[in-house]
Amino acid sequence: MTLTAILFATLALVGITMVATRVIGRNAGWLAAAVLAGLAYAVGLRIPEILEDSGSGSKTVTETNPWIPSLDISLGLRLDGLSALFLIIVLGVGALVMAYSARYMSERNVHPHTGYFAWMLLFAFAMTGLVLANDLVLLFIFWELTTLCSFFLINRSGDKASAPAVRTLLVTGMGGLALLFAVVMIVVRTGTTVVSEALSHSVWSEDAAFTAGIAVLVALAAMTKSAQFPFHMWLPDAMVAPTPVSAYLHAAAMVKAGIYLMMLFSPALGGTVVWQSILITTGLITALLGAIFAMRNFDLKEIMAYSTVSQLGLIVALIGVGTPTALATAALYTLAHALFKSSLFMVVGIVDRQAGTRDIRLLHGLWRLMPVTFVTTLLAGLSMAGVFPLLGFVSKEYLLGQMLTAGEAAWVGIALTAVAVFASSTTFAYTGRILFGAFSSYRGTNRDPDPENTQRQRKDIREAKPLFVGSAFLPALIGLILGPAIAFLHPIMGAAGSAASGQAYAASFKFFGGFTIEFALSLTIIGLGVLAISQRRRLDTFFEGRILNFTAIDVVEGIRLGLLSLGAKVGNPTRTDSPTQHLATPWFIVGLVAIAAVITIPSFSTPALGGPWTDWLWLGLLVATVLPAVITKSRLVALILVGSAGFVVALWFFALGAIDVGVTQLLVELLTVVALVLILRRLPSVFHPVAKNRQVFTAAIAIGVGVLATAVTLVFTGGRDISAVGQYFLDEAYKDTGGTNVVNTILVDYRALDTFGELTVIAVAGIVLIGILRSRHMLLSRGADDSAYSNSSLARTADNTLPIRVIARWAAPVIILLSFHLFWRGHYEAGGGFIAALVGATGIALAYLGASEDRSAPVRWPYRGLLASGVIVAVLSGVWGYQVGSFLKPVRFDIALPWGGEYGFTSAMVFDLGVYLAVLAIIIAVINELGGVRPSKNQPASQAGPVLVADRYAHFIDKAEAPSDIASESEKGGSL
Amino acid sequence: MSLALSIGLLAAAGVFLVLQRGMIRIILGFVLLTHAVNLLIIAAGGIGRRDAPFIGTDTSMAADPLPQAFVLTAIVIAFAITVVLATLAVVGKGDDDTEADSSLELSDPEDSASEKSGDLK
Amino acid sequence: MSSEMILTVIGSALLIFGAAIILSAAIGVLKLPDVFTQTSAIGTAAGLGVSLMIVGVVVIDFSVLNLIKGIIAIIAQLITSAIGSFVLARASYMTGSKPVSTTVPDELSDQANATN
Amino acid sequence: MSQLRAASPWSLPVRLIGFLGWYLWQFVLTSLQVVALILTPGRQPKPGIVRMSIDGLSDTEVTVLVVLITITPDTLVIAVDRDKDILFVHGMFVDGDSEGFRKSLGQTRDRLLFGVRARPEAERKRGVLA
Amino acid sequence: MINMVELLLPLFVGAPLLLGGLLFVVPRLSPVQPMIAMGSLLAVLGGAVTLLVLTSDGKVLAHQISLWPEGIAIAFVADAFSALILTAAALVAVISFQYMIVSGESRSPSIPALVLVLVGGVAGALLTADLFNLFVFIEVMLLPSYGLLIFLSRRSDMGASRLYVVVNLLASTLFLAGVGLIYAIQGTVNLAALAGAGDDPATAIATAVCLSAIAVKASVFPVHGWLSRTYAAASPAVAALFSGLHTKVAVYVIYRISAVIFEGDSAWMTAILVIASLTLVVGAFAALGEKDMRAILLFQMVSGIGFILVGVALFTPGAVTAGIVYMTHHMIVMGALLLVASAIEHTYGSTRLERVAGLRTREHLVTAAFVIGSLSLVGLPPFSGFVAKYALVLASADADAAIVAGLLIVVSLVVLVAMMKIWAEMFNGKRHPDVEVLAAESRIRTRNGLYDTEQVNQDEVALEAARAIEHIDPPRGIIGVEGDPHEHRGTRVPLPLIYPALILGGISVALGFGGEFLVSLAEQASAGLIDTGDYVKAVLGR
Amino acid sequence: MIPDIVAAIVIGLLALSVVFAVIRIWKGPTPGNAAAAGDLIFFAFIGLVAVLGLMLSITAVMDVILIAALLGFLSVLSLARLIQGGKR
């Protein structure tokens, strides 16, 4: 089978098992087990290809499929001694765990919805990909996939799993990101993403700093995954997951990924001081801590978990030692651990299921009731404890040997060995706790006083079914066989050692190495262990709650919560809806730009200070109007003065030759005042007070901006002659367009698209205005106190508005004529759709202001439709332009006039009509809507149907003004 | 020079008002700020030439028409937005105050600071 | 003196006179005691002041079209300013802007007192 | 309201021009009076608010009257009451003489009506522009 | 073919606006309305894809509107960059609008029309080569946005809406001032004519003013604070729509202007790099402090802007490519996540972390969409986020900015913590006993268009809740979660509400596995930004 | 078109008018005072447009004046409504 086929077979198995689960329920686990076993066998078949004929060293089989060539990412796979060994562990233990799951898990817990099989098999896929990856990026991808799988496997285990799952993800996710950083740096430095090429690159020997940096990153990644101190906490934390998950994570998958990574990188990083010191130190600390914690716990599963932490520490330390033999020993230890730990975890599950508890203080006397389980535990436990003749014995012997010879100085080796011996003795001791705790009558100390909380009645406890316990027994049995048959493993261990060390290496583990120092140490370990077991009651009391009485969970939790509160602090400065702060900050950026300007602009051109004396007058008038407008507390005064300042600005425009701009400015200013007056009556008459120091602060910003604006105008403007574009318009506008008002030709011909956007803005503003007021409660008019005159002639509204109505009636034709006049000639002289519409709109304003009561005021035109039609007309005139070649290009033709002569028509006028409609409509909308009166269309409310934004506020709006408008308010408006 | 000072004055006054409380001041501030920018754009065309750009007259001293077209568009757009702002000032719960307590703070600092480890459970 | 110069002189005089009246109105706005007398003062600016200036422009920059526009503008100005003054005066009175105490008689106040 | 003098409809243009001339003169005169008042240091107006009758005037005539009274700077309409058919007019130079002021306002009204009505003496219906 | 397409470029603006206008002629509640709107959005998407196909070989399409001479006319230009972003924007718009149809939001007055105008404005802003015209189209985008934000907001408090309008107005005003300054110095606002003008210090300063203004719109640190405040007041679907359109158009403009005017001038790019780095850090951390799913997502948006800007700040071909990939990815994934939030809020009445729990065991599709979105956002394989983040980190390291690369990675962890906060509190845990009451109240509120501060008749709520519980949803499996009496009964997110998010999630997955597709397009886009020669030639004809 | 001295005098008179009117707006005391003075500023504005049009030979000056004369009172009318608190 090709490597790609193996990889994708594991992926396909995910889907197949999901489907199979629907049909045969949990028995699908058997199917998955069979396939995984088959795949492991297929891998085994390819092992000869990677073995050197000489018996030492390792060959590599590679396969490459393109994936994202632009980023140099490929589906490159490789098989060498190391990956073959790990792959067999992954697939083999996977098969065992799947088989075990078929009996351990209940039907409802493997239902496809729970994702159990899916995540477990995806995990197998991820591990397969990880150990096969020959592309650094691919390696990272599978690495992260294992993280995710473990997260979801833990998280799916009920409510109490949430926090552990999240912590696991955070810790291992952090490691993953370290790996990503390492991968990226390696790719950048070596220029390749191919693992084998990158790891054999010369940069490793040439750039010690780089190598050290990568060593730290890779070690970090591997340590989080392999639960090394100080990242060990997630593993016991994750014990909430079902036992098969733990078995797989601990024995073959998650934690072994870290081991694999370290061994994979050993050819490049091995031997460097950083790498060695990190790995050996943390490895041994972890081994010690794990062992001590295992002594403290009473839950079988937690003891197993800390045991894993401890055992992995030893393996990591071995990898740190880094000699070919040490690496091969690490590989052997990994295999041994996979076998005994998978067996032990499965046993724990069996005990839990059959006896109803995992607490060694409650369990007792099971060896009689569950003999097969006991034997399995005994075999696996003794292998873990490193007792002859099990496989664990061999690996422990070689571990001790490697520790003894590690380091340049002799004391290093002695120190390391001492730690290893202590950890191993403890291992022996907690193995005893397991065996005695569960199977003998020993019940430990500090038992739960609740008599109900205990294991099942003896009559209810029976041995597990063969198929169930068989999965656990098999790896234990293999551990027993492989001890004496260690030679069988030499080729693969040699290949693994070669691959990990980067040099040819032939493994030759001896089953029994004679009476060496190592053997003496082993005896010491056993002796100490037996002593500990005999003193177990005292030790239990001693460890309980005294040594290292902290849980690392608190640390992770603390960091997480610290981050969260830091986040709150980071977010707080902007956590306000008050615009002031959001509007002040941009000016600081502008200030920075100004500083940049002072630095970067080499010399400032002399500002043009000239200009007619009248210019100073406009400035004076601005000062006279603007300053009091800023200071006043009265809304009305501020409005009048700002309006006056607007007139002065219009004068500025006139003075600068911008006639149309000035006229527009004038009209817009008037309309702005009208619109604001309509809302001011709903607001208090004075502004809200502002604290003194804030006034000073904002004034400082304002003055800064003012100074900047002045400086910028002086420095940046006036430094050149008229622009080429501007000159073009002056020269060509008439020829191009037939218009003489150059500004207007720009608006409707050259840059009609701008005007098009502008009219869209107007139309949408109208729609928005209407929509807001139809859906929101508008503040009530405050109403002035005129009660004193309620019976006076002054209060006779209809009479007192009479003159306005009469005037409006007279003025209407004049205004309409003027409006059309301005519209018609806009292309040639001052005017245009906008100005014309504004003039027209004043007629409407007049009609509104002159109405005797609000109800009779509105201009009953469908202004929403008018707004829309403005846009429609403009687009259509734009599309018409395609007749002569392009969007918005004016179409010109002469229309014969009935009285003779011709009128030179241009479709720009149609466009201008769109502007006219939109502007007229928005002003009607402003007056009708903000004025608090609406046209009424007696549309039955039932037609409206369910709407999100209902006009339910109608009866709140302007009660005082329009008591009888309620019916009309319920119309949903909108359509023409 | 006086145009530059006018622009500076309008900008300063506009910014000051925008940074005060209440929608009306903000609206009036933006009105002034818009004036400043519009004058700046006209100034960008150069203020040495001040004749109105009409064909048929001598255009040798005619002002650059393009900035005028820009400003015309900008004025109208600003008016449209002013209308929307004005509307926003008179709907809602209170008046146009922009510093009233928002009853729906998404996340209040006290809350976050005192967050306990229990929230994962 | 050419006729154009004469027209310029006349027009200039009109402009200055108009502006002076507007200034006088402004002084009145400062000097006079209540909104009604101030509005009256402004009436001089709105009526005579602005009209004189418009005439001045027409005289200096004479064309038939300008004459027509000027007449329309003056009429419009007179009427609209009058309407404005009236509406403003009524609004002020209604909302408690009392006329100055020297306003004798104030028959509006009498009417209000009588009916309330 | 006193009965207006009778006049032929054909004389309307003459009457209208006559009225306009008179009004223009009044307009300039009162404007200058107000200017003089303002520019004389220490001088303050002696205002008053009086009612005047608009009985029998059409809406259009009322409007024109309101506008004309207000255009002359010394006078200012404050309220219109079509129920009682009165105007309230503010005058700058009433000087306590309410009857004299009312009379001069009445003169203005009558001159207007004489200037614009085809048949000044005829009774007019109320307007319908309510 | 090419000429024809060039000629029709203005219709990317014209067509949506025309149809948007025509929607006012169609009765609002007629089903034709959303159909027309969706049809036009799909047409824009189709058009954008066409542009993408035509420009994917590096060709630049340009049209001088109204056929005025080059440099005089406003030019519309489509190159690989604008075509790619337009496609992504149109895609997000289509999906978000589909959600709005399903959720009923599209039936509120004017909403379909406003969406169309918004998309028209986006198209204009992406296609125009004229700075003043850009200002106009930004306004064309903003005005309908005001409507969408306010109309569909359920907040009775107007603070956020006011803030949104005011902040955008300030930014627009500042941008206009910058455009004025550029014209003052250069005498043109044609972007192509300004190519390389950043060499002149004064022009560079003027351009920096423009970029500062756009930075506000892009919600870049320190002017980022408004975004989470204002988008939180919008309906979540609107927030999804905005996230794909607004800030991204702003970022597009920053890319375009930086590339064309500055041509990657190092001093300015360093400034952008610093700001981008601060943005991505501050956004990610600020998200941690929030207690509402949407607020957390909104700060992720801010953070994402920082990530995107790193690309242009480094201004190497690889970095710009990575930035564009990230941008596209971010549009899609933020859309997906915000639509997940939409579906949750629509169904359960809240996205506050403490008010919703236990979604994982009950809402499998919601969970799937959230997981895909979150993991993609964090940058984990096999999603688009991984391709984007890897490319960006690689490019940073390659550009001798290993610190930035490290920062990107560290911040990813912070993002992970934030997403886990949502996961732990909303997806894990037990459902609240009163979840049916909350959900019922939410449904009643939605049905009646009530604002947040308004009271709901509690009897009505109780009745509604009881009805929901009695409606037995046939179990789709045999799994049950311990102690949940309502496992198969009561409220669930309706399937049509979650499909839009799933589609975007699916696209994220597809772009993860098919990363080559996106990366190669982005490379083409990047090439056009690094060397603006073709762009200039297309616009100016020389 | 007009002598500078004339323009200077006219502009000076009108500018002073604006200043006085602003003082009245500032002092109030009632909204009516402010509105009336605002009206005066508008009349001064018309005068300034007139003289500016002549100074700069703006052909469209009469159009501007016409529009201003026709529409300027809108603001006063609405201010009057504001003073009345929106009532008619």
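By written order: A, B, C, D, E and F. Residues from 1 in each chain.
Please note the rule applied: a contact is a pair of C-beta atoms (placed from the backbone, for glycine too) under 8 Å apart; a residue touches a chain by one contact, two chains touch by 3 or more.
Note that the coordinates shown come from a computational prediction; the quantities given were computed from them, not determined experimentally.
The minimal number of chain-to-chain contact steps leading from chain A to chain E is 1.
With contact taken as defined at the outset, chain A and chain B are each touched by E, F. Taking the definition of touch as given, a chain qualifies here only if it contacts chain A and chain F alike; those chains are B, C. Among the remaining chains, the Cα-based centre furthest from that of chain A is the centre of D. With centres taken as mean CA coordinates, the chain nearest to the overall protein centre is E. The mean-CA centres of chain A and chain D are about 79 angstrom from one another, to the nearest whole unit.
One simple way to say how far apart two chains are is to compare their mean CA positions; for chain B and chain F this gives 25 Å.
Separating the CA-averaged centres of chain E and chain F is a span of 48 Å.
With centres taken as mean Cα positions, chain F sits 11 Å from chain C. Contact of a single residue of chain B with at least two other chains is seen at positions 18, 26, 36, 40, 43-45, 50-52, 54, 66-67, 70, 73, 77, 80-81, 84, 88-89, 91-92, 98, 102, 106-107, 109, 112, 120. In chain F, the residues that touch at least two other chains are 18-19, 31, 35, 37, 53, 56, 58-60, 63, 66, 70, 72, 77, 79, 81, 83-85. Shown for chain D are the residues in touch with two or more other chains, namely 66-67, 78-79, 88.
Contact between chains, using the touch rule, shows up for A-B, A-C, A-D, A-E, A-F, B-E, B-F, C-D, C-F.
Looking at the complex, you find that chain A touches chain C at residues 784-786, 788-795, 800, 803-804, 807, 811, 814. The residues of chain C lying in touch with chain F in their complex are 8, 11-12, 15-16, 18-20, 22-23, 25-27, 29-30, 35, 38-39, 42, 45-46, 49-50, 53-54, 56-58, 60-61, 65-66, 69-70, 72-74, 76-77, 80-81, 83-85, 87-92, 94-97.
Those residues of chain A that touch chain F in the shared complex are 613-614, 617, 620-621, 624-625, 628, 632, 634, 636-637, 640-641, 643-644, 647-648, 650-651, 654-655, 657, 659, 662-663, 666-667, 670-671, 673-674, 677-678, 680-682, 685, 781-784, 786, 797, 800-801, 804, 811, 814-815, 818, 822, 829-831, 835, 838-839, 842, 845-846, 849, 851-854, 932, 961.
By the touch criterion stated above, chain D contacts chain C in their complex at residues 27-28, 31, 34-35, 37-39, 44-51, 66-68, 70-79, 88, 90, 92, 94, 96, 98.
Interface of chain C with chain A (complex): residues 72, 76, 79-80, 83, 86-87, 90, 93-96, 108, 111-112, 115-116.
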